[in-house]
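Dropping a structure here in structure tokens format, bear with me for questions.
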Amino acid sequence: MLKTPVIVLNVKTYEEATGKKALEIAKLMDTLASETGASLAIAVQPTDIQMCVENVSIPVFAEHIDPITPGSHTGWILPEAVKAAGAVGTLINHSEHRLKIADIDVCVTRSKELNLDHIVCTNNVATSKAIAALSPNFLAVEPPELIGGDVSVTTANPEIVSRSVDAVKKIDKHVGVLCGAGVKNGKDVKKAIELGADGVLLASGVVKAKDREKVLRDLISGL
Amino acid sequence: MLKTPVIVLNVKTYEEATGKKALEIAKLMDTLASETGASLAIAVQPTDIQMCVENVSIPVFAEHIDPITPGSHTGWILPEAVKAAGAVGTLINHSEHRLKIADIDVCVTRSKELNLDHIVCTNNVATSKAIAALSPNFLAVEPPELIGGDVSVTTANPEIVSRSVDAVKKIDKHVGVLCGAGVKNGKDVKKAIELGADGVLLASGVVKAKDREKVLRDLISGL
Amino acid sequence: MLKTPVIVLNVKTYEEATGKKALEIAKLMDTLASETGASLAIAVQPTDIQMCVENVSIPVFAEHIDPITPGSHTGWILPEAVKAAGAVGTLINHSEHRLKIADIDVCVTRSKELNLDHIVCTNNVATSKAIAALSPNFLAVEPPELIGGDVSVTTANPEIVSRSVDAVKKIDKHVGVLCGAGVKNGKDVKKAIELGADGVLLASGVVKAKDREKVLRDLISGL
Amino acid sequence: MLKTPVIVLNVKTYEEATGKKALEIAKLMDTLASETGASLAIAVQPTDIQMCVENVSIPVFAEHIDPITPGSHTGWILPEAVKAAGAVGTLINHSEHRLKIADIDVCVTRSKELNLDHIVCTNNVATSKAIAALSPNFLAVEPPELIGGDVSVTTANPEIVSRSVDAVKKIDKHVGVLCGAGVKNGKDVKKAIELGADGVLLASGVVKAKDREKVLRDLISGL
């Protein structure tokens, strides 16, 4: 399972993180992780999982799995397939890819069966509590209105983090809690951890940065 | 573009066609294509595209793309990503992964922009006509009730093939027409071509076969 | 709020319960409720809500609401609209109409805002716990594989009821718990209540019955 | 079938058009239709169909139907139900409620079976052609980016109307073509008809107007 505190980077389907460009980012994170000892992980597009896995040591995640078992599901993301490609975990229910509650339950169960680490995304305290009841490894609370924005959730709405942590731990203390949305620097990471989070989930703040190494080093400084 | 008449194999998310097992099938098809000169193509899971592309010469397709451009679309299938992984084409709107009409239009347009060959699946004569109006490279008509079954569409419902071909060519004669559902042997392939089809799309008939080479050789004999 | 123990009938989109036929069933339940004092409620199609409300005294529910506020949502079910038509409550997330977790949260919140009673359907103990965390008025646990079948959940899987009740009450003791799937007679109702449920949700057992009055009287006898 | 040229008002789920407020608008249109002889129709929420039908003579449409037959489809919109409530027609595939191509085909077929008039919405010339191939009574082309805006499609993009008309008639001359998006006054209606359309589909321009009678009279003047 992910070592905490952790910084998880979701590269989405950004042009700057497709194909070999995803690998470039993964390699940079790999170098920094091994240099600093920080716990870093990257979630990439399914087409890029294997290439990243073959070239870096940090945990590579899928961005999504579908609630299916092997069979006739043309074009859907099979949990066994991301595992076979070398992913050690997956995001589930990202705000850009929300699932039905019964399907989240299936995805969590399937991840556990396959020993895939998993981070279920939630959008507020209420849904964090709901997801905690499914006992995933991690959940990541991200207010949708702050995603991709300039203000970190830890500044704009610190209570959503601390209250999610409290509510989640009351339901299942083994569920790790990450937070995300607008996280950009070491100060945001530090604050997240002070608020009780086990780490952060972020995307554009790194992928779109002019100097990714600088941003990553700053983020790591907050761990 | 795919050389016709063509046999396209969709390996779905079958256990027997995930990860290295997908590559095994691709290699077998590659050997037979080069030996016989037949036009064969394979559609694989996104996680397996690159591995197949690096090891075979036959066209490798994605099973699906989502109607998106690069950006914030966590966990969806970016057309650019399957292209970057080396796919030369994609299925669109498979009966197990149906899309909204406006989204099929976007997928066809995006495929053309990226020079990705594309096969849009339809389920009857009416939807074949509708899709023909979008002028895709190919469409593949597959009656859902026959998919995965023991009786070939060319036997159970030959009119759906011939009438789709007629209707499609009347709307846009440049659209290739494949047919599928229950296709299992050379006789079925031969009949499909006699009915005016440019080839067949099939899945379980090969993937689940005990002796895939034998089945593939028989299918090829019908071209 | 619904008086418990309660029998809630969901008439789905059965031909036998569309238009005036829905009203017939509602009237029969109304007569029996007033005669026996039993707490009965009916969920009908949106087109039939007003007609039922105008003609019966038992609570009339919608079968579904969408997670929206007034605005540009052509063809979706506005919570305000079912309220305006006279419904006093609604089902949410029925197994035939599942919603994303963030959307269930919105539907529960919107129901509370509009003072609409609400019953959120779940499919197992895990999802019952998850939904309990959203603190709805009621949830109704229904194993999908038993819905519409001949064996009552209370016979086939009594633990799913008792364990859901326990798990739900641990998270929020104010959440009422119904159960459903295969419930057909008074014995099933009695067992449901013994297992800790506040009532039952059923459909075909009444709608499809040859002698609905007889079935309803039997069900009521179990309260 | 709708008499053309026609003005069809979709009241969406606007607060100003829910419950009795929908009826108010329907009555105003009814008065103006009978006074001027203009062909007017209104599409309302399912909960409001019966009330409108009982009080006005103009055609009342549903805003949506789902691709289903009677049965176990809790909370979905059954074509038979809107028919039983008195609707004479329905919108299908509105840009706010898009459907899969196979499902549009089912909705068109089901509408024909039930003798429900139907208007299938499209978003550009390509999808208009595709839908024409399904031979619906009408289609309504509405560029999504102009919906609810201040500039009429007939001004912003007249070619989309004339080209859709041409393309549709080439595929099936019996399909009526409406246009919509930003239509607000008689000049827009007149232009639509000059461009070959059989009428217009509009929403906010009337529902949100301060003086609806004035706006409707102006629109009618363009017929």
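Labels for the chains are A, B, C and D, by order of writing; each one numbers its residues from 1.
To be clear about the criterion, a residue touches a chain if its C-beta (ideal position, glycine included) is under 8 Å from a C-beta of that chain, and two chains touch if they have at least 3 such contacts.
Owing to the predicted nature of the structure, the values given are computational and were not obtained by experimental measurement.
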item: Set of chains whose contacts include both chain D and chain A; value: B, C
item: Chain copies touching (chain A, chain B) - same or different residues, decided at half shared; value: same
item: From chain B, the most remote chain by mean C-alpha position; value: C
item: Pair exhibiting more inter-chain C-beta contacts, C-D or B-D; value: C-D
item: Separation of chain B from chain D, taking each centre as the mean of its C-alpha atoms, in whole Å; value: 37
item: Rounded Å distance, chain C centre to chain D centre (Cα mean); value: 34
item: Chain B: positions in contact with at least two other chains; value: 95
item: Touch-based graph of the chains, sorted into line, ring, star, complete or other; value: ring
item: Every chain pair in contact, whichever chains are involved; value: A-B, A-C, B-D, C-D
item: Interfacial residue positions of chain D with respect to chain B in the complex; value: 93, 95, 98-105, 122-124, 126-127, 129-134, 167, 171
item: Touch list for chain D against partner chain C, complex; value: 10, 12-15, 18-20, 43, 45-51, 62-64, 68, 70-78, 80-82, 84-85, 91, 94-97, 147-148, 203-204
